[in-house]
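Labels run A, B, C, D, E and F following the written order; every chain starts at residue 1.
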């Protein structure tokens, strides 16, 4: 495949396929309609204006449509913009498919599932293990395809499972270094902490927030689900309360959506591991797009910092 | 009954009964043991030191014991302190009973229950009404005896029910003034909003926080219970989600323990009504204890303000 | 009257009258002048660009002019915009008048005045009553026509008086529920609290801030006026100080413009009643414009929240 | 005079006179009454316990009484404490007088008044000058004796006038360095900014807050007085509004009690000059009490910092 | 010279020279390229669009180029914009030179240097004096030409030295008023406090941040340089530590970039003097551009306040 | 060895050795001198009062003295206190040595050094490696004995080296999981980040802050040292700047003492690894002291949280 849109510099000519993420109609200062297209491939997005858009254009260039496009990469108000020369819907004969333009986790679903299974197999506390199995079974399909978030980090197909597996790997190493950790509790917390997102978000492709997501949020929703699962499985005792606490407290403090801060060692660790893996995901993906000696774009979820890529980097 | 301990001035002699709230052993600078007693009646509390306490004293003067006591009211580090002259356990022949020394709501349980029933009867939305009935039935005893909080406001027997009924009265008036309000939703939110406290607190007499209360808190616990009740009653639909949202958001913002701020009109109103009724309860009870022209003690839950009682007050 | 501009959807054709709220000249990218018109009726506002505006256009389409307009309702950068087809000044023969396009309180001036008089008549404290009468007499005309604010809540003709009367109604109910309240003090505080706005704002139709408003603000201005009135009426004593305190503290805390937080029970209530009535006004007017199942636009003065209108609303 | 109490080290014997600032009765753990005396001279204060205090002691050793005292300077919970050997009321024959034990400004009243007069004489704007004269005449006695504050800075006799004169001196220098400054406006603002304290505080010797001081505060009280003075003097126009703005904004921001931040250059300068003079007063007086190479005690009004006195200081 | 661009009103015709500060290429909605020029003279800047820009235009109108331009001053989105009629590069025969269009300090380099030398000559502490001399010698050229900042205050040629000299003048007056001040320490701190900017900024004309400036910042860089200088000069002792502390703490608190708040009297004064001089510079330059009775534009570095210029100003 | 003082309950008799951490003289309410002793062993500290202390007692029981003590463990104001029965200095014949009563890292110095050497050996970037070697050689003795802090975490002998080695182990695992990490940079940052503490703290046994530590702090001091080392080693280039940035930014944000937040991936990681290792150290040591089902004491450095130890913990 050609280099992705994120790697084009101002002045270069683009001549390849992209997926239409959204198409919004507007009226130009000359009174004529135009389309604002957000186009994407797996490396990023770019805006393009289709001036003097006809009724037919509106029908052709809608969300989820794959298009063949040529144009100049320009700058407008400090952001890249594609000046369209030609645009047409992709044809079957072009031999490209939409799924190649949607970013997905660097590890495939089967491998993610097998790693999950492996870790669950290692768990020794039967109550924690049974609850975890219950959820993995109940949500298996969605768990393996959902993104971990709408934006910022792991916001791609299978992002949630990839995030969970990365966190589990990190947890396993921490258990080696700090043997007092209750590994079963930490593993269970990691696997369950964000499953509320399966109900908070509307789907995989272009996820938005559900009504329940907006009014309740994934954290209280998942606290409730853990309680309900325990009742179904007839599990009682502190494991249930503490697992609910792990889910409830994993954002770290009230201002960030956790009405209780972590009050159990493994809950504190869950919060820290979540933080590290999310930050590494954001940093690595942004740094990949710049050259040594340059700064990344500002990362909103990291206090709007722009990061520097040293020139002596291996 | 004699005037309560809260109304004694420094220099006055106390000669009546009080209830021992707590008794803690210490060792004085001369090496002899002493007891620090917290004594209470329905108007307030006072600390007293029992110097040179014997083994027998320790056994006699424990928490929940009613005692006959004489002593001087003094001042120590800016707080009242009772200097004990004589102390003895109350006898059956004294004709006093512990329950007269425990503060309770100014309205009795039967009246609170009948007011609750009346309001529930007025509700027209069957889903909301059924969920409310379910909880009132399930928790009737505790609901009518629990305090609304451990300290600050309505921290007395039946305080929770009294707080709920006061809020319902206020809600009913607001419905008259702002007829767009969905009264059923508001009533349901008021009745359920703090029921999680029945599991967060350990009991009526000397309530402390349960483990679940400390690790999960009454808000997420009640969100879960509302979901569970709806499943039992086979009620589905927006009423359930919005009722959960009412409970979840009633503290008003994340820093105060509500991961979602109110996003429905009646949820916002629930938060405001809760605020007004709690504040009026704190203010009225503090102002009662001071004379016109004086300031109350500082009220921690009202940003540590001391309030002034005007001399021209009716 | 036809449905208001706030109820038009993108794509609909508008063909009716509106009032020009402001007209600003600009120069388009093709070098030609244009006018940016803000047009309003009693339901809301919309922006419209008049391209290639002539000298004559500039003279015709100025602030306060009523116009007949046809056009398409479009979307531009997420906000509605009217694409003008035809525009002309309204004629006497059109049978429309400007006042029908300016929002006003839902209750008329006479009724507001009579409700005010009624409440003042109920007051028993002669000092408080005389000070209130002094101000109602001094400012009667402005008091009955001014808006309560430039934006956010009650920002329409007679908004201030309507806000005062709503607050008085609420205060009267609270007095029933919490009889310890000093009703005279609360009523006096409510009637006077915002009268400083009559000098802070420049007028009724298109209010802006006066120099005194910008440099001193309505709160200290009104504190001064209360003092001056008391001197004129030869009233001395605590009522004056406490009435000044009510005005001074009604924003609730220093960050919000009250150098003293409320330190008298009725001052705290005044702040809470002001909050409730302002919020109900904002919420009701925003919710009216959306359908069940939708969210309102974000309300800046309510921490930028968008509120949900339940589908099961009566 | 002997060295002041602030300069005694732990272990030294004190044998001189001090003034009783306050005397509070308590009951010791052995059941006997004692007096806690706060004793002061012009350098500072020390606490002393008078054990086994008799009824006669209580009568002799009250606030404002000058006493002859001998004792050891000890340390208790990190603060100095005087262990009393002997104590008796001072006699006329002792040849000491109370006023020598009360701190006052390092410049006397006559000199402060003459410096004030000098500056007022330099003012050219007749409106500003007349208003300033009005206040200096109205409050002359109090203005020359009041402290500038109850604690922290210039909290001694004539502290207010001394603070004003220091600020005027600084303002005069700033006018040299930045000639655009309107000196008349700045001088008027400096002289008036804190005059509200004459009504906010109860007196000179042991000032406390008046009711008006607690409920309104010196800033809005003085804004009102400026308005009233202008009306009496029949002065109208921007000078009055801006002078009120100077007073209103001199604490710099809302959180610090100024509902409007400075919006005029000279108002900003007034705030900064006030800050510098208050800080220099606190710093110099604290540094005087420590030796080179030591840190001062923590200064509450300077964010609780302890300041270092360099060893190489001249 | 003609009046500066900052003094033009909307509607006026501009017909004079300006310097191109930056030229950015864009593509208009009609698909044709244009240049966005930022033009400046010593009073301010204005944006201008050069539509239908040719390849030749791009080459002619680049940063640092002096141009002769005619056009209308318009308003666009609330900011001034120049509508270009004609534009051409300035010719040698025009008799204008770029340096006349770059703002510089109102006092020339020689005078600034001589004032600096004078103050250093007055210093008595040999260690402090030698360190100061070392830096003035090492950086003399840059010190006399650099701006004090990229924007906000003293952001012009020789701004740094002008700021230092103004601060020294103010310090000298303060020493008169508060004689306890260690003048040598204060002078040394003032001269050195911002010298790290010579490495933090890339140059005089169009300064940007260097990599070291972005990753380390001028404060820690200068702390290091002071240490290094002391080692080179073989100076040891508290003067070095305290001078480093002066530099380190001069932003006043951690949130503003000083990991230690001022803990020495002269460090606190340095911070305050820096504040006053920066604010006076911002205020005076903004107020100069408005007429009495008007407000300045909002000043970002002064909490976004707009300041009022009184009509009675001399 | 007997169980440590941290494991005694109220009411138990202590009869063993402890080290005097500090001895402060006071005067009791009966006028007699007493000593407040802080006694410690490797598990914790306890306060004890030695009443009626003689001159000889003062000489015998000073800081760093090992004592044989018997007494009761009591409670005073919620803290443990030892009521002394007998106390005497330890004798050589007792066979105990002071070093057994000072907490130290669980791994010995030789092992820590060898692990450090191993990691340095793995580094490939010669500039980073040489700078690290320079510091390890220069400070070897102190580096291996200093605590990492005065309180909160790793506040024991060899705490700094133990903290560094734990962080290096964690870094090595992270490099496996996120291979993009520049391990050399991260290792160098970890080894150097806190070396400024060797100058900020006064020593190993009872560390306090040096003057330089108080006025400059370990972060800017170490930034300077890295610069100086690079000059000595004649190393130039980005490695030096970025290493200084790692040290400067490792507290994460300005409020926490880092004037620059991390702007390089490895700097962000250094901050996170530091956080995790410090938190795990605090948590593990606190949890060790409580039984399953209990909460730890409140941990000041973890937002004052008390952590729960689950009963089902392995």
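Please note the rule applied: a residue touches a chain if its C-beta (ideal position, glycine included) is under 8 Å from a C-beta of that chain, and two chains touch if they have at least 3 such contacts.
The model shown is predicted, which means the values in this text are computed figures rather than measured ones.
Chains that touch both chain D and chain E are the following: C, F. Because chain C and chain E share one sequence, their contact can be compared position by position; here under half of the interface residue numbers appear on both sides.
Contact tally for B-C versus B-F: the pair with more C-beta pairs in contact is B-C. Per-chain CA centroids place chain A at a distance of 44 Å from chain E.
Multi-chain contact residues, meaning those touching two or more other chains, occur in chain F at positions 29, 211, 214-215, 238, 242, 263-264, 308. An unclassified topology is adopted by the chain contact network, corresponding to no line, ring, star or complete arrangement. Pairwise, the chains that touch each other are A-B, A-C, A-E, A-F, B-C, B-D, B-F, C-D, C-E, D-E, D-F, E-F. Contact residues on chain E toward chain A in their complex (touch as defined above): 24-27, 29, 31, 211, 214-215. Chain B makes touch with chain C in their complex at residues 124-125, 127, 166, 169-170, 173-174, 176-178, 180, 182, 185, 237-239, 242, 253, 261-265, 268-269, 272, 275-276, 279-280, 283-284, 287, 295, 302-303, 305-308, 310-314. Per the touch definition, chain A reaches chain B in the complex via residues 211-212, 214-217, 219-220, 223-224, 227-228, 231, 238, 241-242, 244-245, 248, 254-260, 263-264. Contact residues on chain F toward chain B in their complex (touch as defined above): 28-29, 49, 51, 72, 74-76, 81, 83, 308.
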